[in-house]
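In what comes next, subunit A is part of two complexes: it sits with subunit B in the first one and with subunit C in the second one.
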Partner chain A sequence: MSTLPPEKAVLAPRRSRRSERRATAVDSGVHYPRWFWPSFATPGILWLILFFLLPLYTVLSVAFGTVDPIFRSPLPVYQPWWWTTSHVAEGLGKATGLFRHVYARTFVYVFIASAICLVIGYAVAYYVARHAGRRKTLLLVLLISPFWISYLMRMLAWVNLLQQDGYVNRILTFLHVVPEPVGWLEGRPITVILGLVYGYIPYMILPLYGFLDRIEPNLLEAGRDLGGSPRSTFLRVTLPLSRPAILAGLVIVSLPMFGDYFTNTMLSGSPSTTMIGNLIDDSISSTGQGPEAAVLILILMIMLLIPIWYYLRSTARAAEAR
Partner chain B sequence: MRPHPRQRYTRRDFLQRSAASAIALPSLAAIVAACTKPGEENVTGQNLLTPRPDRPVTLPMEIDPIATDTPIEQDAELVLFNWDAYVWKPIVRRFIEKFADYNPSFTAVTTFNNMDEAVAKMQAGQIEADVFFPTIDVVPKLAISGLLQPLNHDLIPNMEENVWPQYQNPYYDQGWRYTVPYVVYTTGVAYRRDVVSDDEIFGMDNPWEILWDPRFENRAGVYDSYRDTIQTALLKRGITDLNTDRQEDLDIARDELLAMIDAVNPRATVNGAYKRLPQDEFDVHLAWSGDIAAGWGYVPEYTRDYYENLGYWFPEDRVGPIDNDCIAIPANAPHPRLAHEFINFMLGYKNAMDNFSWVGYQPPQNETDPGSLTTTEGLYSLQSGWAEPAEYVLPWMEAAVVRESDFDVGYRQAPLTAEVDDRWHDVWQQFKAGVNAST
Partner chain C sequence: MRATVERATLPAAEAPRLGRMRAWRRDPWRKPRILSAVTWGYVAWSILPLSVAVLISFNQGRSNASLQGLGLNWWWGDPDLSLFRDPELHAALFQSLRLSVTTMLIAVPMGVAFALGLDRWRGRGSGTANFVMLLSFVMPEIVLGVAMFLVVAHLATFIDLGTPAQVVGLVTYQLSYPVIIVRARLLSIDKEYEEAAMDLGAPPRSAVRRVLLPLLYPAIFASFAIVFADTIDDFVTVRYLSGPATSEPLSVKIYNFSRSSPTPAVNAAATFLLVTTTLVVVIGYLAYRYSSRGERRDDVARFAAQI
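Our next item is the complex of A and B:
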């Protein structure tokens, strides 16, 4: 039985599906104009336009632009019809030629550092989520506490700790772990990798903790009831369930690691440990190299789309499966 | 009703259209301006931008210097735009006290990490400083672009009275229209004498090679400065044109720098010579003479025993890289008269030498006896009750003392053309990327 008022009922045959939906909303006593729900996205869209699309277009304009004839500072060209491809071609040529070692090195460093972050971060997050008991809050605060100090200050502290006569070497030599002080700051890849791990591991722990904490204890009990040992319950229940969190953690730590330049600058400074971020930083601070820096940024962005795409695809599949 | 032709525009129409024009005309101008491709302006006076000792330039003056009778600004805050640790603050405080009648307020020092960054900030108008400390290579472009103001010579009498005669007419700024010299320095090799003896390095056929010596693997450093590091590779191979535009020379420099990575895994630093070598992080490091002269202030313990670990090599015949930095006044300086006074103050003999005692970089003062620098204690050392005495230049680092005659035989860095500069950057980029290093 129609509940439409008589004057509207005559229009019913010509109604579109959208009108029907609106009518249903009216029926339920709430009327939302068409723009109401989409308008909630406005702040996010504005944010994206102002702080992502415009800066990205500026980077594009620098990459396809030119340089000031006197000061050699980058001059973005905002009109696409005047874009020049020479810098882009040069940057692409270098990326696949001269700089391929740097890209390979960066991938290796980020891969190892992310793996270490995962191993340590998972153990810590698992302990806090499942076994910390009343100390959970305290441990969480301690985990977040490094964020209270800037990354710069934390790295400067490590520079002091890792010096030839720093506390790290004093402790290691005192415990006879090493016979003599190690030159941690002498341009060693291991120092850079451990620096990356230190800098980004909280970003791994927090999402893992958030997910592990939400796993239903009933599921784990069911696993054990079905005869699973603690190890097999972990491997067959907990680990598969935490896969989305592992992926999220890996994406969150590896993306900024790819662009990181500060860790290497502070803890090494050697050309043999240069990462992509250092190349970009060097180009930005060199006269006449601005467009090349922009090209390197674009190449890095495109490369990072791959893990992001994989993450989105995996989470979408997981959502479908549920 | 259609209006009469003479009354076609009502008052409302007029206001509306005026408003529209007010918006549209500047927009149109902006569109027209936008239709001019950036970077296509003519670059006039390319030679002005690339002066050489044998091709000196007189920089154009679009505006006059401030008048001699310009009053000293009252209640001014003197802002210095300078490298970090490149002026001793007690000297600046002394200046403030001297001009106490004019009540200059707290003096702020804004720093930058490299000259490109400094110039970019000035160009963008982000900095309103009274005094700037540029390197030679940026002086012509800053002056030509109107970012510096010409100096009134009457307000800087110490320049003619105290400063080396050659700086009355420097090649990069004939007639010192925009700049006065701040300090002079040579570029050589700093080394730890507990690892390398003076006899060893001074006895080498080619001491530049010490930076490639595998004995110093992980313990060798160069400056994170493309000109200085590439020139070292050139000098190692006997190429003495530090402004070379020959691609063959640059290829040689690139190969040498890549060989350095293989041999010693060097680190590129900004503080390796004055701070980290004294703290035993390096055994050898490319060094400006001023950096190593100030190095005693960074040793772990302030005793002569530690001071004696620091050494500096520069060719004994003094044929090596030598240069100077400058002081200038930005065009937008809020207190130009006070800035002139500050420059004159810094060129005063006592102030210049006291500043030298902390900064480590030697001022080109007539009254300075180079021979006495290795036997005389500077003010910073005298005031440092916690440290054992140190001379302006430690006695065994005589090579770090700069003499005016050194400029007659030394090699000078000069600005490069854009095209050549790009090729130098290419070499530097390959070195910094460690293109030959294993992952």
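Our next item is the complex of A and C:
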């Protein structure tokens, strides 16, 4: 704020008083009729009710519904008082029995992949925000580019590279790191985890960058002036300040990872790395398993309730703070 | 200023005397060095595989793992299997474009209006609507795709699987982007401009259309670019809602072919998507720059913040 040219600094108080007066005029509805702004939101609201909330309710109705005895197709039940819990009970039974490993594996993969995303992402975001200098624009373009490059293409690139006769194996055998080509695409957890990191790390870097870039340099200078070493300034000023951004980044990358099935299909395709997303995808693609898919979706949503709730709350807080 | 704040463990007098390499050898853990290695390493890791994938689309041979001479065989040369001549891929290409243009034309105007409504309307419903909008933003796509599929299969059977269902699903998934982008921009726009217009006698509707809307152009252009690029790459929602094979866009074909019968034509298809989305984003960026000219110049960073 101290960089404001003097004439603006002089003008500032007068301007704010005037806009205060105007703001009350707008709020009391002098300018706009009451229906005016709600009417703008109406199409969007109707759309979300019809094509977002109603579908979510349909998931419930299928999960708590029945199945046609002959065709095995799901018969959704829309009245909650006629819901049956047999499918849900079956789904929960499988979650603790048959599919126990799949659930555990999903958590482990997502945990490791998010942790790697955080470590690499924080370093990259920090460097670009603080030390990139002249190359900042170039680096930003390179960091945003994965956002408009198809996720499929990015996985396809690894499918190309990791083939039995692909370039990764050729380099590794040439350097004698491995004696013979490795079957990277044949159900290896490390391939899937690295695929997840590769796929979702951009979503971690950008919010972190946005946050680190906005930290007031004054705060860091204060830390240094008070005798802190670079390390302790980082550990005691920057890192604590960036905790909300770190949590938000973790939520943003882990939510889609929990629902991911395509990384697994493309980079492994083996049952030994199946995740929850694959269970859902398999059951929705085969007939007679509609209720099972719905129950799996329900379980997934309940699992994600806490991170989603955290995200929505922190967004609301950020909006209030403005 | 900022770059120097946390740097420097070497005494100031000693630093210039050492060559850069020697300084690095003496203290390789000095912050910017290791950070810069990580950053450029990350950039290489994120870009190199893609470059290889693009190169393989120009492969002369049939392998999708190694280059056997360069040529346009898989783009145009092969009469049956190349991207532009295989009828299946050709149809998929147009389906991709059709879906993204339609989705963009529905989602962006609706989203912009939604953002204006949410931002200015101070009623009780506003908070709930905002909550639901954000919920649709963070919901994993598979949830939305399966839920839409169940609706179309059981409840709204008048919506056909295929293009209509795909567009509905995509618009739902994309609606939150323009809302979030436009609301971010609205925060930085003073209410004084439209109030001045209304003081001068403009009715509310034209104050919005002729004053507020032009101020929102940068956000609107950014939204168009992002929704288009995101839709043309989408395959989760689209795959569940596709009907006959002709309604599968390029992204779904890439997914289906990538493990079963991968020829470099799949890479050509992916490269085509890459070029298209890059073009759209560049156009969007230029439009963004043009419509926000005269404002603070920090373009790429602010465009990035839009995303």
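By definition in this document, the second predicted complex is superposed on the first by the 238 of 322 C-alpha atoms of A that agree within 3 Å, B and C clash if a C-alpha of one lies under 4 Å from a C-alpha of the other, contacts with A are read in each partner's own complex, and residues count from 1 in each chain.
One rule holds in what follows: contacts are C-beta pairs under 8 Å (C-beta built on N, C-alpha and C of every residue); 3 or more make two chains touch, one makes a residue touch a chain.
Because the structure is a prediction, the values reported are computed rather than measured.
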Partner chain(s) touched by A:Gly269 [first = subunit B, second = subunit C, both, neither]: both
Partner chain(s) touched by A:Pro43 [first = subunit B, second = subunit C, both, neither]: second
Which superposed partner A:Asp165 touches (first subunit B, second subunit C, both, neither): both
First (subunit B), second (subunit C), both or neither touched by A:Glu186: first
Partner contacting more residues of subunit A (subunit B vs subunit C): C
Subunit B versus subunit C as contact partner of A:Ile280, first or second or both or neither: second
Touching partner for A:Trp82 - first (subunit B), second (subunit C), both, neither: first
On subunit A, the residue positions that both subunit B and subunit C contact, one per complex: 76, 163-165, 269
Subunit B-facing residues of subunit A, complex: 65-73, 75-79, 82, 98-99, 101-102, 104-105, 108, 163-165, 183, 185-189, 268-274, 278-279, 282-283, 285-289
Complex contacts: residues of subunit C adjacent to subunit A: 1-3, 5-9, 31-32, 35-36, 38-39, 42-43, 45-47, 49-50, 52-53, 56, 63-66, 110-111, 113-114, 116-118, 120-123, 125-126, 129, 131-136, 138-144, 146-151, 153-155, 168-169, 171-172, 175, 179, 187, 190-192, 195, 198, 204, 226, 229-230, 232-233, 235-236, 240, 251, 254-255, 258-259, 262, 266-267, 270-271, 273-274, 277-278, 280-281, 300-301, 304-305, 307
Subunit C partner contacts - residues on subunit A that touch it in the complex: 18-19, 22-23, 25-27, 31-33, 36-45, 47-48, 51-56, 58-59, 62, 74, 76, 120, 123-124, 126-128, 130-133, 136-137, 139-161, 163-167, 170, 198, 201-202, 206, 209-210, 213, 217, 220-221, 224, 230, 233-234, 238, 251-252, 255-256, 258-262, 265-266, 269, 277, 280-281, 284, 290, 293-294, 297, 300-301, 304, 308, 311-312, 315, 322
Subunit B - residues contacting subunit A, complex: 34-35, 37-39, 41, 43, 49, 113-114, 116-117, 119-120, 123, 141, 144-145, 218-219, 221, 224, 226, 261, 265-269, 279-281, 300, 418, 421-422, 425, 428-439
